[in-house]
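You will see subunit A twice below: alongside subunit B first, and alongside subunit C after that.
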Partner chain A sequence: MNSPDNNRLEQQEIDASAKWPVLTFLGSALCWLVLGGALQLGAALQLHTPAFLGGCEWFTYGRLAPAAQNALVYGWGMNAAFGFGLWLMARLSASALRHGGWLFVAAQFWNLGITLGVLGILTGASTSFELLELPRFVTVLLLVAYALIGLWAVSTFCLRNTEHVYVSQWYLFGAAFWFPWLYTVAQVMLFQAPVRGALQPLVNAWYVNGLYGLWFVPVALAAAYYFLPKILGRPLNYFYLPAAGFWCLVVATAFSGGSRLIGGPVPSWVATLGTVANFVAVPAVVMISMTLFGTLAGRYAALKESITLRFVFLGLLGFVAASLLNFALSLRSVAVLLQFTLVGELRDWLLFYGCFSTMMFGAAYFIVPRLTGRAWRSGALVRAHCGATALGLVVLTVTLLAAGWQQGKLLNDPAVPFADLTKAMLPWFTARSVALMLLAVGHLAFFVNFCWSVCPFGSAAEAPAEFHLPPAMSLPAKEGHA
Partner chain B sequence: MNPPPDKHTLEQAGASDESIRQVHTQLAHEKPEQAGGGYAAYPLVLLGLMCSSIFFGSIYLAHYSSHFDPLIYNENAKPVAGGPAVPVVTPAMLGKRVYTNICMTCHQQNGQGQAGVYPPLAGSEWAQGSEERIIRIVLHGLSGPITVEGKEFNNAMTPLGTVLKDEQIANVLSFVRQEWGNTAPEVKAETVARIRAETASRTQPWTAAELEKLGK
Partner chain C sequence: MKNGLTLFLGVFATLALSWAGVLLTAQRQFGGLAQYKDPADESLNPAALSGIADQGRMVYQDLGCVSCHTQQVRREGFGADIGRGWGTRQSVARDYLREKTVLIGQARLGPDLRNAAARPYADAEYFYNLLYAPQSVAPGTNMPSYDFLFDVRPASDQPSPHALRLTGRFAPAPGTQIVPSRRADELVAYLLSLKDTYDYPEARPFVEPKQKEGGH
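Presenting the complex of A and B:
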């Protein structure tokens, strides 16, 4: 039907249409990543060096920590997901992003909203709900911006020029609807018409769980399902599994929010239902991992060649680790020890950073040269980013696991005074700061490389990047067939 | 000559988007046993995993959901044997309210009455004596001299038969007979009803002399 040359021409057309919107999203995402990472590092430093920035009202821990988290989640995470999601949706639908100027406007609105929101948190106007700390006045701004972006993603899908829909598109299409649903319901039930007392933490837990599980994880999985066959040039293994895995994961995640409230101020069946939903998520994680790791199996040498695959591999490890941790934490016997410790923070961090963010790093290394038509300027910076991310994640995971374990034991021991517990945590907090510093170094390398590669100065001397014509994928050979 | 370009600055695609979509559509329509990756028992293993997760999930739900009771916040709280304890209500407890509303004005909260004016109930041989007499007093009142605990009283008690129902009379008398150290048995509502019927024609208050004929 399509000759390879036609295919190639079409792709160039799609990439050209996506260039400015996607670069805008990725660029602003990167600014937020550097800023958010720095704020987070500052908050982490205060836990073992309380005097650090302690005299400045704007940067006290109670403001710094939520500002960092919101800058990372809504500034970096959402922007990156928008940029990547729109690009992949256009590519897989073989349809250009029409009227990209509107997306540019949406990006400005979104970033204006986040900027005002983070400043609002720093000046003390934050709300008391996790991940909904952005002051209420930015909500409308964010929803209008998101409406434009979501509309573009969905309409690009609906105007597709292809017969077949690929698994990445299911996840992107679903996520495009789940985020506004989660966000508006949480806003209405917590701020517009607040529900009564004990229901509020329940709505909050449902939102936090949904934001990670029904927005960031689907976008990350869309990246994994796309880049593995794309770069390896081999079809996915066990391809009868993704549909079952998709529905199983989505339904289970939608119900699992209550498991965050074990022992909390809610009727006990709420937490129990969440735990059972996490039971049901186990087969989903197994099926998804079987397909993705099964495709990588025996081809790990390809990780040496491709930086995107390395990040995707890291992201897959993060996904499995976060899912295991989530399952373990929702068991009552484990929650007795580890709830309200640093392990809870690790669970969310592994999903957001270990799984989602690393996938987005890998995606950016693939996408940006195709948009600008030029290779990345520095291979060393790319490798530095990858190394710093991997090392930082390992240090952070080990630190938070060990620290959380000790913290849980000490908390459960009534003979230990609280001050001793705080003292026992000091070395762990220091180790966490070191890990966050490593990650921040990676962010800086990525940011510098991005600016250097995208800015047009001094590029005249450079030859445009040479993209090989991608071969057509063939079906795997069958055993026992002629 | 330029050095060879760094392989990590540019990712090369291994397959075109079009072929990825096509190949995977074909793969999705294959039966599991034909699909690549070997090990034909995987679908069965996964089905087993799915079933066991649902099975254990159901057991867990039954064990910890507290029957979806919106008021149970601690699933480990042991239910009380034979259901939650039902508070026991005795006629004397119900009678306390009647006593407080009606009788207390004269006979006082401590049941001591008022010396020389209203006879006491605490320790009184009348109150702890025959039901026949005290039910009649409450129904139709009492007037004239009476000796209680060796002291003389000469006053009138209001008839309460039209104000109180049989059960209220039984309750308040049970209260009086068991409070302040009194130890007489309860009065039954049926007894009150019987006496009310027997004395239906009576319009005047009783006198102590009349009642003493009924026995102690």
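Presenting the complex of A and C:
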């Protein structure tokens, strides 16, 4: 075991090697977050004010909504996951990111692909398959970019200087491996050699479920498993639970895609298998929650001190809520009511935003000061981001739950004309816009603070209060070098 | 877990089994589904889309109609799809053989469209008006106008036979007429093709073989 001083030094070397690639990924992620959030807000406004941008073909709802979703998922989500994942993999493997220039190239390719893709959706080249709307011509760009990023992550893992492989590394390694496979299979089976008929929605559902469950959730859990013990200075409570939770969760998730097609034009075993898999995921969620909340037990006061912990805690709540909702929606009796309503949207949104994005916010607040060597410039902006995110999340979740419930009730009552249903939804759509506005305010605060903090000019940082090391962090963490 | 190889094999097996177990199994089971030949008149069902309707399918795709409209009718007793008159039977896998891209959708901000052309009021004029000025035929809807699919032309002595006949507040400005563009024609041709009326053996209710007579 290294002495504390050596350990610090080693971490600094690793951080120095990761500085520019990770900052590039996080910076581009933030640009996409602001842009995607704005597009999402625009689409939300159109639902209660159809005339908003109404005459403009580029911004018609059917294009704006998928453009926003793709900008958020592939622009913000993937970039943030790349930045965070590479940094954490290097830290936990106690191995510097070598030849970071290539990652820089990969980031350019990725962002070029997403830019062309989002423009493609707005100009009418969308494929209309959920989360695969990006036109086919960007697929190669994205795969080349990902090949470099995935190779770097996996080779950093293979060149590790540690004996033990930490829980976060399982999740990161798995995610790095699963995403390209899911994406390639979906591309081949839907576009290169398309399957016929009702198999297409099945491939689509398998991909969407995999992208959320086998990419975004693992990256988010890697963050939780890293930051909780790290910041609290306390090892994970249980020894076997993380491993059991990991395998149980990923195997269950891999098979649960069919539950999105309950009542659809596919053989019923497809949906039934998905429902069974979602049942199997329940013990996984319990084990993971026991481990993570167990580590946090009795230390809730630490949430006041660390902004990262606050976001991670929020993300954990998001994970549990999203898992519960996913489980509920895979029951036929619930699906019959809520399947095609706003609650269906909430299921994915809670996983992506409530769980993954909040974890990434927390991670960025931890990582950026260590890469730049300076604290965040503005404590007020940090607090504004955290407050807006928490409030926006609560408002949006409650709104979509209540709205979806009412929508389902009315949809299932054939006596209610569709116009009345739309009328009943209008106040909810407005509430949804307000919540998205709150989140957009948070995004802006985060973006401004990031640019200001990374900018090498200007006066010294003024927000040390949000960034101080708990005493335990100067000791070598108990899980190994990092 | 100290061993990277165990981790790799586990990670590999997880997705490999899922891919084979879900996608390949489904492909084996119904990937080779073919048109059904009617024993009486030897017609093949579902009939292929006409050329213009197939182009309309691409307009449907590029405008993202699937963001708000599903194209799947759930079975009697599971939701009110049939009660709402969105179809007379549940959608089955064979129905979708006619489309090259199958967009069954997952949000019902608007009504299901799988049998849009089978509704009593649905004719070409209805769909043109709906696309140009949704409020003119569906008051209270929040569907956006697709007026960019239409050309505004100066009214001449011989008005276009295709010009929309709109009245009241939706009427075109004096001296102009609204004529559908090629894309509007394609999209409407596609919408008019949306009608799953053929009664496949597998679409008949299993428990209750009683025939349903239309919607309400």
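In this text, the second predicted complex is superposed on the first by the 457 of 482 C-alpha atoms of A that agree within 3 Å, B and C clash if a C-alpha of one lies under 4 Å from a C-alpha of the other, contacts with A are read in each partner's own complex, and residues count from 1 in each chain.
The rule is simple: a contact is a pair of C-beta atoms (placed from the backbone, for glycine too) under 8 Å apart; a residue touches a chain by one contact, two chains touch by 3 or more.
Bear in mind that the values here come from a model prediction, so they are computed numbers and not experimental data.
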Q: Classify the contacts of A:Leu273 with the two partner chains as first (subunit B alone), second (subunit C alone), both, or neither.
A: both
Q: Considering only the touch criterion stated at the top, classify A:Val282 as touching first (subunit B), second (subunit C), both, or neither.
A: first
Q. Touching A:Phe366 in the superposition: subunit B (first), subunit C (second), both, neither?
A. first
Q.
Taking the superposition on A as described, I'd like to know which of subunit B and subunit C A:Leu92 touches: first, second, both or neither.
A. first
(Q) For A:Met189, using the defined touch cut-off, is the partner it touches subunit B, subunit C, both, or neither? Pick first, second, both or neither. (A) second
(Q) Let me test your reading of the model: by the given contact rule, A:Arg347 touches which partner, first (subunit B), second (subunit C), both or neither? (A) neither
(Q) Just to be sure I read the superposition right, which of the two partners does A:Asp420 touch: subunit B = first, subunit C = second, or both, or neither? (A) second
(Q) Per the contact definition in the header, classify A:His385: touching subunit B only (first), subunit C only (second), both, or neither. (A) neither
Q) Just subunit B (first), just subunit C (second), both, or neither: which does A:Thr308 touch? A) first
Q: Could you tell me which stretches of subunit A are touched by subunit B in one complex and by subunit C in the other?
A: 163-165, 243, 265-267, 273, 332
Q | Footprint of subunit A on subunit C - complex, ascending | A | 1-4, 7-8, 10-12, 14-15, 17-19, 21-23, 26-27, 29-31, 33, 60-68, 70, 72, 74-75, 78-80, 83-85, 90-97, 99-111, 134, 138-148, 216
Q) What does subunit A use to touch subunit B in their complex? A) 2, 4, 7-8, 11, 91-92, 94, 162-167, 226, 229-244, 248, 265-269, 271-273, 275-276, 279-280, 282-283, 286-287, 290, 294, 305-308, 332, 365-366, 369, 375-380, 382-383, 465-468, 470-476, 478
(Q) For the complex, give me every residue of subunit B touching subunit A. (A) 5-28, 30-32, 34-37, 42-43, 46, 49-50, 53-54, 56-58, 60-61, 64-75
Q: Under the touch definition given earlier, write down the residues of subunit A that touch subunit C in their complex.
A: 46-48, 50-51, 54-57, 60-63, 65-66, 121, 124-130, 133, 157-158, 163-165, 170, 173-174, 177-178, 181-182, 185, 189, 194-203, 206, 210, 214, 243, 247, 250-251, 254-255, 257-258, 260, 263-267, 270, 273, 332, 336, 339-341, 344-345, 407, 411-414, 418-420, 422-423, 425-426, 429
